[in-house]
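Take a look at these structures.
In what comes next, chain A is part of two complexes: it sits with chain B in the first one and with chain C in the second one.
== the complex of A and B ==
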């Protein structure tokens, strides 16, 4: 059975080569672009910035998925987090010194994401609404609201775009990395060492047992939905202040929140491993930008990311299921 | 008689190192009921999993009608007419009985229209006395009813080899007798029936030959005429001789641990599942609730535990009204729960033994961090006190046999000193020795002062351990019947409207 597990990885590799071969750059182009990213310090630093929203989404999702709470709301929460930080910095009328502006942007993004996550959690805990569907719907609502703000009240100049945040409010890669590390470490400890983590795990693996042995499942859904939303919200702030700087109708839905879903599963729901996986994904994104100069469509990156996740999951599952008592 | 199916030198070792089958060679003949006898963990289930394509052996061959076959999936076996009815029936909860059976027919390459399935199911049900309703939803059926659906399936498929894994687990004594008749009849039609059991009496009653397994090996095969109870016992257990659980004094009249007052509970479909049940469980007492599955026991149990809220009536724990209190509050007051299903309800599958001890305690113990060290010590204590056969407390619970899972579960729930123990079918599917051990642990909990409430379909068991027995029938509680029990009166109440 080991052989078929390895076969899954091989199939993934073949898939990537085939996809790359269909682009003007070819497989060689893809791998050389990746090689470029991994050998240039400036690109490696850029990759940290791009990893921000992906990793922030993934660490929270990892916890939620452990509880069997299959939300996909990270996309909307990232966006709402970005809107919240943009408001603090550009539209609130508060003239805060840069450090304070950044801090309050992060905080407000966190709160906004948390509240949005909580909506999904409340719907699930009290009304039994499927969290995947409700979070998907909320994603659309946030997207529509963002488009409204960008095209309407927040619009400046001839294009549908917002103000740009001042350079003093941009985040350098060490700051982004510190934020991500802090969240991942806290959540990893939460999952492995705390009572809440233990309960979350039990709830996800055996809801009936969790209920019988008196774990407060409703409250647990609220906790994980809030946590998950909060980290994704922070991801939105990291996106805006890390590299996006301006919100345009084009940039409001780049899919970082959805990538977080892929990353969380690929990291087997470990917050710390999610960091590494996000970074790998984000180097692929940077490589994708390089490849765009070869007229390779950027979506190729998403296809490749998805193939990688499928291959890794297949590898793990086959390894687990090969023999069971 | 000719061998239909032959297992040759089958070896199976699980990833955790347990050698479940060690060089097993066994032949199944057409037209016979072959008993496969052994205690839990003897390797019976593993063997039939191999024979039905659910598990691939590390070594060994399967010969079917004189030809070697390799099963990649259960479907390969199904197409040859080899079907396994697992101990816990695996049917699709959302389908109707006819849809589920129709699906299996299709997988076996013998698809037919749904109307045809319903018609034939009705016929078979009538002919064999199975009482299967083709239009019932699977999730509403009790385990016993699901087991009968499996039997109907075997007959519908015209299976050549029927592998029945502990089919009597969820059956009442009467259903058991009719199962024996069905098995005999299937054999007389030329089929081979493999009947797994750990009850010697059943094996002697139903089987033409009895194969005994112990610790993964086939100890021997005896013909029905030559087999004696003592000989089979020796083969099963080596030189072990089982004893009766000791009875203690004390009993009704002491303080009430649990009291139900006129409790009405709705079932899954909004119909009344429990109709005005009143009962009490006293300190130091074992109270049994007997009855055929599906008469409201599950709903009553869930009401006691706090998983279901009664529409009318009151639940009192140590004299405190807990009718609206969640399980957490009840556990704080000293309630221990042994649920109907071990994996998924009592234990968390895929997690370690330590995790399974910790998760049930963590919310009661409080604190922000989990003290894994102390739970590890507690797990080790439980494992050694309850004689759980486990290599390490870090092993997943799934790697334990059913009996060892139940020991672990009992240890977790009882060693803390419970005041009320609520147990649902605690010995279902266990071998004689483990079942006895479980029963004596429950009795022991009572002698330490706990009130023990046991739901069981096994009337003999309840009569051995209980101080008083209620009978549940169509949502109503009859009794209490007190010691010494009048078997006829209790049995009559079970079938009363």
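== the complex of A and C ==
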């Protein structure tokens, strides 16, 4: 069985080579772009910035998925968090000093994400509405609202875009890293060392049994949905102040929240491991930007990430099975 | 727009949803959920545009759309049906894989116009619309009045019992997933060919796959129910341009179809719970919310 587990990884590698061969850059171009990223300190620092919204989404999703709460609302929560930060910095009329502006942007993004997450949680806990679909619909609703703001009340200048946030409100990579580490450590401790973490685990493993042993499953769904939304909301602030700076009309959502879903599963639902996996995915994103100059569509990165996650999951699954007597 | 025109537009908007939703219904009746519909539709649209641009044949365009979606669904068949990985996770992975692959394949077509699908003269609806309208009754016959349908539902309701009766569970499920994928692929192809002159652009099928999955639930896993649900959501898209005139605030217009589907989902869930209805197939839906 060990051989077949290794086969899963090999199949993944073959898949990546095939996908790269479908693009103008080819496999060689892909690997050299990756080599460039990993040998240039400035690009490695940039990768921390891009990891912001991905990791922030993933750490919360990891906890939610442990509870069996299969939301995919992180995408909309990231976007709403970014809108909240943009409002604080650009449109609230408050003339806050930079440090205070950044802090309140982070806080408001957190609250916005939390509330949106809570909508999904309330619908699930009280009405039994399937969270995967409801959260997905909310993603599109937020996207439509963002586009309305960007094309309407928030529009400045000749293009369909908002104001840019001032350089004084940009976040450097150590700040982003500190935010991410704080969230990941807190959630990792919560998952591994607290009663709440244990309850979450039990609820995810056997929802009916959890009910039988009188776990407050409704309240648990509310907790994890709020927590998950809050971290993704912070991700939106990190996206805006880390690298995005200006919001333009979008036909498709930015996608960092969706990548967080892939990351959470790849990290086997550990918040701390999600941090590492996000960084790895983020270096792929930076490589993707290099490859764009070879006319490689940016979403090629998404295919490669998907293949990696699938290969890792298959590897783990086959490994677990073979260990069973 | 007069009411008749809106009804026709609604039908046309409903067609890709109907194809994809009927496909997903077949999958869910076999006892699995494939959340990758969004990805399969995206790949279908891109492959259809590419084939249309390079062959100039509408049939080839639709066939390639179906084929590409089936190839993507093979990942699901291997990972879920054969290896037994989590169906939800793999379905989500399929979405991202499909969107990315669609961008690669679509970039080969270079945004050139391909093979437009136009209404049959005098009838007002095109060939695929006509075929997709015939599909629900045919599926109803197959599901409830043929051995094939009985086998499919048996696998969905109780796979151990079905296996004991000599049904090859994996084979039935694998085929259901591939048929579902082919329909989603044609649905995607239809979006490119009928709405955009066979032209492809990134995000051309955005959101439709998810609405199709919602329509399967709203249609209560029944071919005729799914037809009704899809037509109603199609109408939502058709009346969208009229909403500002009707006094709907501008910030809600683009979100309106999604808000309506979300509301319908909430109402349907509550009604089903009150009536004690559970999903007919052994899908995750019942597992998680029951």
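Note that in this section the second predicted complex is superposed on the first by the 319 of 325 C-alpha atoms of A that agree within 3 Å, B and C clash if a C-alpha of one lies under 4 Å from a C-alpha of the other, contacts with A are read in each partner's own complex, and residues count from 1 in each chain.
Everything that follows uses one rule, which is that a contact is a pair of C-beta atoms (placed from the backbone, for glycine too) under 8 Å apart; a residue touches a chain by one contact, two chains touch by 3 or more.
As the structure is a computational prediction, the values presented were derived from the model and not from experiment.
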Contacts of A:302 with chain B and chain C, given as first, second, both or neither: second
Which of chain B and chain C A:197 touches, first, second, both or neither: first
Which superposed partner A:68 touches (first chain B, second chain C, both, neither): second
Partner with the higher number of touched chain A residues, chain C or chain B: C
Chain B versus chain C as contact partner of A:261, first or second or both or neither: second
Which superposed partner A:148 touches (first chain B, second chain C, both, neither): second
Touched partner set for A:216, first chain B, second chain C, both or neither: first
First, second, both or neither for A:130, with chain B first and chain C second: second
Which of chain B and chain C A:205 touches, first, second, both or neither: first
First (chain B), second (chain C), both or neither touched by A:138: second
Residue numbers on chain B that touch chain A, as the complex places them: 14-16, 18, 20, 46, 305-307, 326-328, 330-331, 337, 339, 343-351, 355, 358-360, 362-370, 372, 398-399
Partner chain A, residues of chain C touching it in the complex: 35, 75, 79, 83-86, 88-90, 92-94, 96-97, 99-107, 202-203, 206-207, 210, 213-214, 217, 250-255, 258-259, 261-262, 265-266, 269-270, 273, 285, 288-289
Residue numbers on chain A that touch chain C, as the complex places them: 19, 22-23, 68, 70, 72, 123, 127-130, 132-134, 136-138, 140-141, 144-145, 147-149, 152, 207, 251-252, 258-259, 261-262, 265, 295, 297-307, 309-310, 313-314, 317-318
Residues of chain A defined as touching chain B within the complex: 193-199, 201-202, 205-206, 208-216, 323-325
